[in-house]
Amino acid sequence: MNGSLLTFLKGGVHPPESKELTEHLPIESMPLPATVEILLSQHFGAPCTPLVKKKDEVVEGDMIGEVKAGLGAGIHSSVTGKIKNIATSAHPISVSASSVVIQTDSEAGPREYTPCKWMDLSRDELLGRIKRAGIVGIGGAGFPTHVKLSPPPEAKVDTLIINGAECEPYLTTDHRVMLEHPDQVIEGAKILSIILGLKECHIGIEANKPDAIEALQKTAKESSNGFRILVDSLKVKYPQGSEKQLIESITGRRVPGFGLPFDVGVIVQNVGTTRAVYDAVVLEKPLYEKVITISGRSINRPANLLVRVGTKLSDIVSFLGGTKPELSKVLMGGPMMGFAVSTLDMPVTKTTSGVLFLTEEEIDIRPHGQCIRCGWCLDACPMGLSPNEIAIYVEAGRAEDTSQFGVFECFECGCCAFVCPAKRPLVQFIRLAKMKAKK
Amino acid sequence: MSESPLWTVSISPHVKSRESVEKIMWTVVACLLPPLILSVFIFGLQTLIITLISVISCVATEAISQKLLNRPITIRDGSAVITGLLMAYIIPPGVPYWIPILGAIMAIYVAKHLLGGIGFNIFNPALIGRAFLLASFPVAMTSAWLTPIRDAAVFKYMGTGIDAVSTATPLYVLKHYGMAAVLEKFGSLSTIYGDFFIGWRPGCIGETSALLLLIGGIYLLYKKYITWHIPISVIVSVGFFTWVFGGEKLFTGNPLLAVLSGGVILGAFFMATDYVTSPTQKTGKLIFGAGVGALTVLIRLKGGYPEGVCYAILLMNPLTPAFETWFKPKRFAPPKGAEK
Amino acid sequence: MKNFRREYLILSILAVLGLILLGGCKPEHRFIKKTAFKDINSIVITFAGPVDEAWAKNTSNYSIYEKPDPDIKLKIGQVSISPDKRTVVLTFEEDLNQDQPHILNISEIISEGKSLGTAFVKVKKLYFGYLFSILIGAMIINNFVFAKYLGLCVFFGTSQKKSTAVGMGITFTIVIVFSAMMAWFLYQFVLKPYRLDFLQIVVFIGLVSLSVQAVDTILRKVNPALFKAFGVYLVLVIANCIVIAVPLILADNEYNGWESLMLALGAGLGFLIALFLMSSVRERLDLANVPTTYRGLPIAFVVAGLFALAFMGFSGMSIF
Amino acid sequence: MPATTKTNSQLVINGILNENPIFRLALSMCPAVGISTSVMNGLLLGIAVLFVQVFSSCTISVIRNYIHPKIRIPTYTLTIATWVTVIDLVLAAYMPAAYKEMGIFVKLIVAFAIITMRLEMFACKNSVPASFWDGVGMGLGFMFAMMTLGFVRELLGMGTLFGYDILGFKPLLFFVLPAAGFFCVGIMMAIYNYVELAYNRKKKG
């Protein structure tokens, strides 16, 4: 660990971490639910077309949906069983979406995977395995990983960063994965490096996870064989794990607005994705299960759970002993950027990183007032935007004039709304502005 | 989960900081109280009554204005209380009781709610209230000072029927009779520094004790409700310009006396830092503060009033919107070609 | 608009250079080198050679009055003379109003036994300072909009947007300097000598229209792009009372050329400042929840009133 | 605008209410702010403006068919300037005190947008009688506005009306300061707006 902690320069906030609820809990496997609802749209890009019909038998890991045209990644069955229906389910973002409902065959045992030697495989084969496994960026928007790993030839990628910052409060999945499976993370990082033709990579971890940093450093040293894996400890500051901020923290480069990381020669992959890459390449196991954090002060038993994609929240809740009566908000994702949901019929997707059950004390439901121009949001915004101005323009019905403030560079980290003493829903205003102020 | 849950569904972020407008405003109120207590002690109950009238009429005007304009009534956020306190702190404590009521109407209704309520007032309402009163009652507003009594005026005047004895403020004496007269009236320089710092001097409530105001201001700094930029640049520029131009010859002015006398400390920490009417960016804040300081000295030395802090802040306030467009936060990395 | 800034810059630099070259205080008598105010109540006269002490000490040799009031002679308390007999200090019984130029009438200067005739000199504050105080006075302290309440129609009409406001302000400054200088020239060399001053309104308004027309034509030919940017404001300039008020003021006060230039420049820049401040505030008020009946002009008036209240801070100010 | 169809009385009322030069058209506001400090000032300047407006309107209306469109603005300006010179000299000669009080504003009538505007909008298209009544309406409207402002400001500022002591004390010196002129005009405009809104609402409902 080097002396001074790396960080980005502009903005950022320190929300209460609340990670103590789950950070010491080992990853626990959840028993298979009776049915799973696998959404056909779990990634950035076009939704999948189902490959199965009603009453078909599927085995765990079988491909059940694929993208016919455009950007996307395949979707696999997460259980062995029979297709019950192809219907619609609740979706955390787009309210409802088509899904495949599978009745679990409780008799079937788990599918076995054997590790293989991957060092001899060609780059194309490695990418092919990742594509076949349907891997998407599971830390965020769900961008298909094989696409991200094939930057255009003119982009000179010289740095790979594994994102283990996990700056969102409450969430501890990446933390537990790094702590319990450092070997798999390191191995995954090596695979990614080879695909990108690099000999070294950075792993950025916020300094509030010293045990994870130590574990990874130890593993990296033991199994370096030719690779340089640098574990960088980062200052604890939200949004440290945002791609652009992480790149600045570690390399000092700034990705320009509307640009992508490879414009400054960097590729970023999440820790969870890295481990999924390991699974896909070494075990040839598709991405159909993932570790999620179930936390918040109104779930009876917080946990880090290994769940199958498609498991409904209600099954998780009943497995963990139900919720407390003071429950007042249910979130999918972290409290800063996650989505509030109105029903527990929601299935877990590849990009779900946690489900939070919050009490009224943890959230803030005070009504908002007029902007008092304190300027705190300006100091908090990591992108150097002016959320106060954007909000005032939107309130005055002039949302179309907000592009002058760079509203499209906002990635909705929520820092501004977090610090706002008038409790103004700034992110909401900015979304409205984005909708109205087309470039 | 069969019963329909009544959960909150809203857009991210779902956690928010503990700070709130009410908390900020009431903290400022608390930081403003110590000088009031001291002035009750040294000037008598009159100061308390004037302050109470000012605060109550500001709050009432706020409530009535909001009712008239069909807006949510937000008197609990404490902003009207601050306006009332500040206005009482910058008018002479010996004025007739109905004067602050008129000031409150001007400050809250015209200067704040007609312009769109909190956040849109271009000028600091308390200062507008004071400027309005000064224009309306030039005699009362420049002469109704009280003499400080060291041994607790509150007891001394009780039951005697005398309200208080009026006197002239140090800056008034300085402007009209020169430094020698100040020394004659208020004692040697070192006594003056001490007295002015602690608060034994005639003047507005907010002008009395530099020490207590500083304590309040520093607490606000500690709570990060204000930043150091405006107060420091106001104080430094008042000191600097007084040092350069304040004496008989260049570079012979007395910066310490200039900073300690009048409302410099109150203005620097509590009025120029008003969120609504001051810039949000550091560069803007520094220039804003320097402008306030320079104008203060200009009005003190060349203008028609002995004290210039209030007008200096009022004159800088309307520059704030322009400052906001000149000094914007540095964008992370704007898209290429988007800069105009 | 960016391309044209440089031309204005060059123009203003030239104006300042001209000032430096030509400004300066020239006493009207060859034997008197310099006259100046010393303290609040004294005047220093520096002669080119030594003067007779007895003559110099006689207070009745001097008669002095403020320029606007030739009837009120100021009383001289005592006269002191320096050892080299070249400098004389007149101390007055009362404080002098140094904002006004004073006329000093010195009878029969006697130097080394010779009479050098009478002298009729002006005592003014440092001339640059005086010019500067006219400029600052017109620009800020007695801002034509906020302290003299002129030019309001155009002020409220063009202060809705910052870009319009700045354009109008710059156009206006050019036109007013142009027309004020012509007006000064006509007034001093035509109207006054021929006793036609009763025609000043007709002549001045004619001049204003002429100079607007002239600026219009010149701009159109010389810089069409600039004309496109500012042409629309030219018509409005005629309707601005400041443009006619400035010639009237300088005729009333008998300003000389430099003073007129400073007044005109100050008036123009002051209008620009007022427009800029008002427009930036109004752009913000556009976003505010102003009561319906106050939207638009009424609230602009209220804000202008607040501005005027703030500008009262400058009342009673004299810089030099 | 075609030749007007309004009757003479409508023209006068129009000038006072619907198209009040100060409160509705927002023209010629410098005097409204600067010297509406007393009813007397308002009355005098009102008379001066009425005079200039009526005579200029009539003059232009008489010669409206002979003015070349290209030089019409200079013609207006010169006509107005002539009449302003007349009233200026008359006032200076016969009412020196009041003339001094109003200062530069009498001369500035020449730059009052309202007069030029009425010439352009009305007098150059209408017959002499109509122009006369329009001029009267505008002049009276101006006078009415000035006197209303003067009334409020004199009463509140000095406690007097036409120089006679009414209240016996000076309530708010602020109102005779020109800064208050801005407020009074703004508030009067808002009242006009309010009345209009209320009137329209009543018409609808």
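Things to note:
Per-chain residue numbering starts at 1, and chain names A, B, C and D are given in the order in which the chains are listed.
Convention: a residue touches a chain if its C-beta (ideal position, glycine included) is under 8 Å from a C-beta of that chain, and two chains touch if they have at least 3 such contacts.
Given the structure is predicted, the values throughout are model-derived calculations rather than measurements.
When chain centres are taken as C-alpha averages, the shortest distance to the whole-protein C-alpha average belongs to B.
In terms of the distance between Cα centroids, subunit C is separated most widely from A. Each chain gets one centre point, the mean of its Cα atoms, and the points for subunit A and subunit B are 49 Å apart.
A separation of 70 Å divides the Cα centre of subunit A from that of subunit D. The centroid of the Cα atoms in subunit B and the matching centroid in subunit D are 42 Å apart. Chain centres here are Cα means. That of subunit B falls 35 Å from that of subunit C. Contact with two or more other chains is made by residues 177, 179, 183 of subunit D. Contacts with at least two other chains are made by residues 110, 117, 119-120, 132, 135 of subunit B. Not a single residue in subunit A touches at least two other chains.
Taken as a contact graph, with one node per protein chain and an edge wherever two chains touch, the assembly fits none of the named shapes, being neither a line, a ring, a star nor a complete graph.
Taken pair by pair, the chains that touch are A-B, A-C, B-C, B-D, C-D. Interface residues of subunit A facing subunit B in the complex, by the touch rule stated above, are 10, 13, 15-16, 169, 244, 254-259, 314, 317, 327-331, 333, 335-344, 356, 358, 362-366, 369-376, 378-379, 381-386, 388-389, 406, 409, 412, 414-415, 417-423, 425, 427-428, 431. Residue ranges of subunit D in contact with subunit C, taken from their complex: 26-30, 33-34, 73-74, 77-78, 80-82, 84-85, 88-89, 104, 107-108, 110-113, 116, 177-183, 185-187, 189-191, 193-194, 197.
Contact residues on subunit D toward subunit B in their complex (touch as defined above): 172-174, 177, 179, 183. For subunit B in complex with subunit D, the touching residues are 102, 110, 132, 135-138. By the touch rule above, subunit C contacts subunit A in their complex via residues 286-288.
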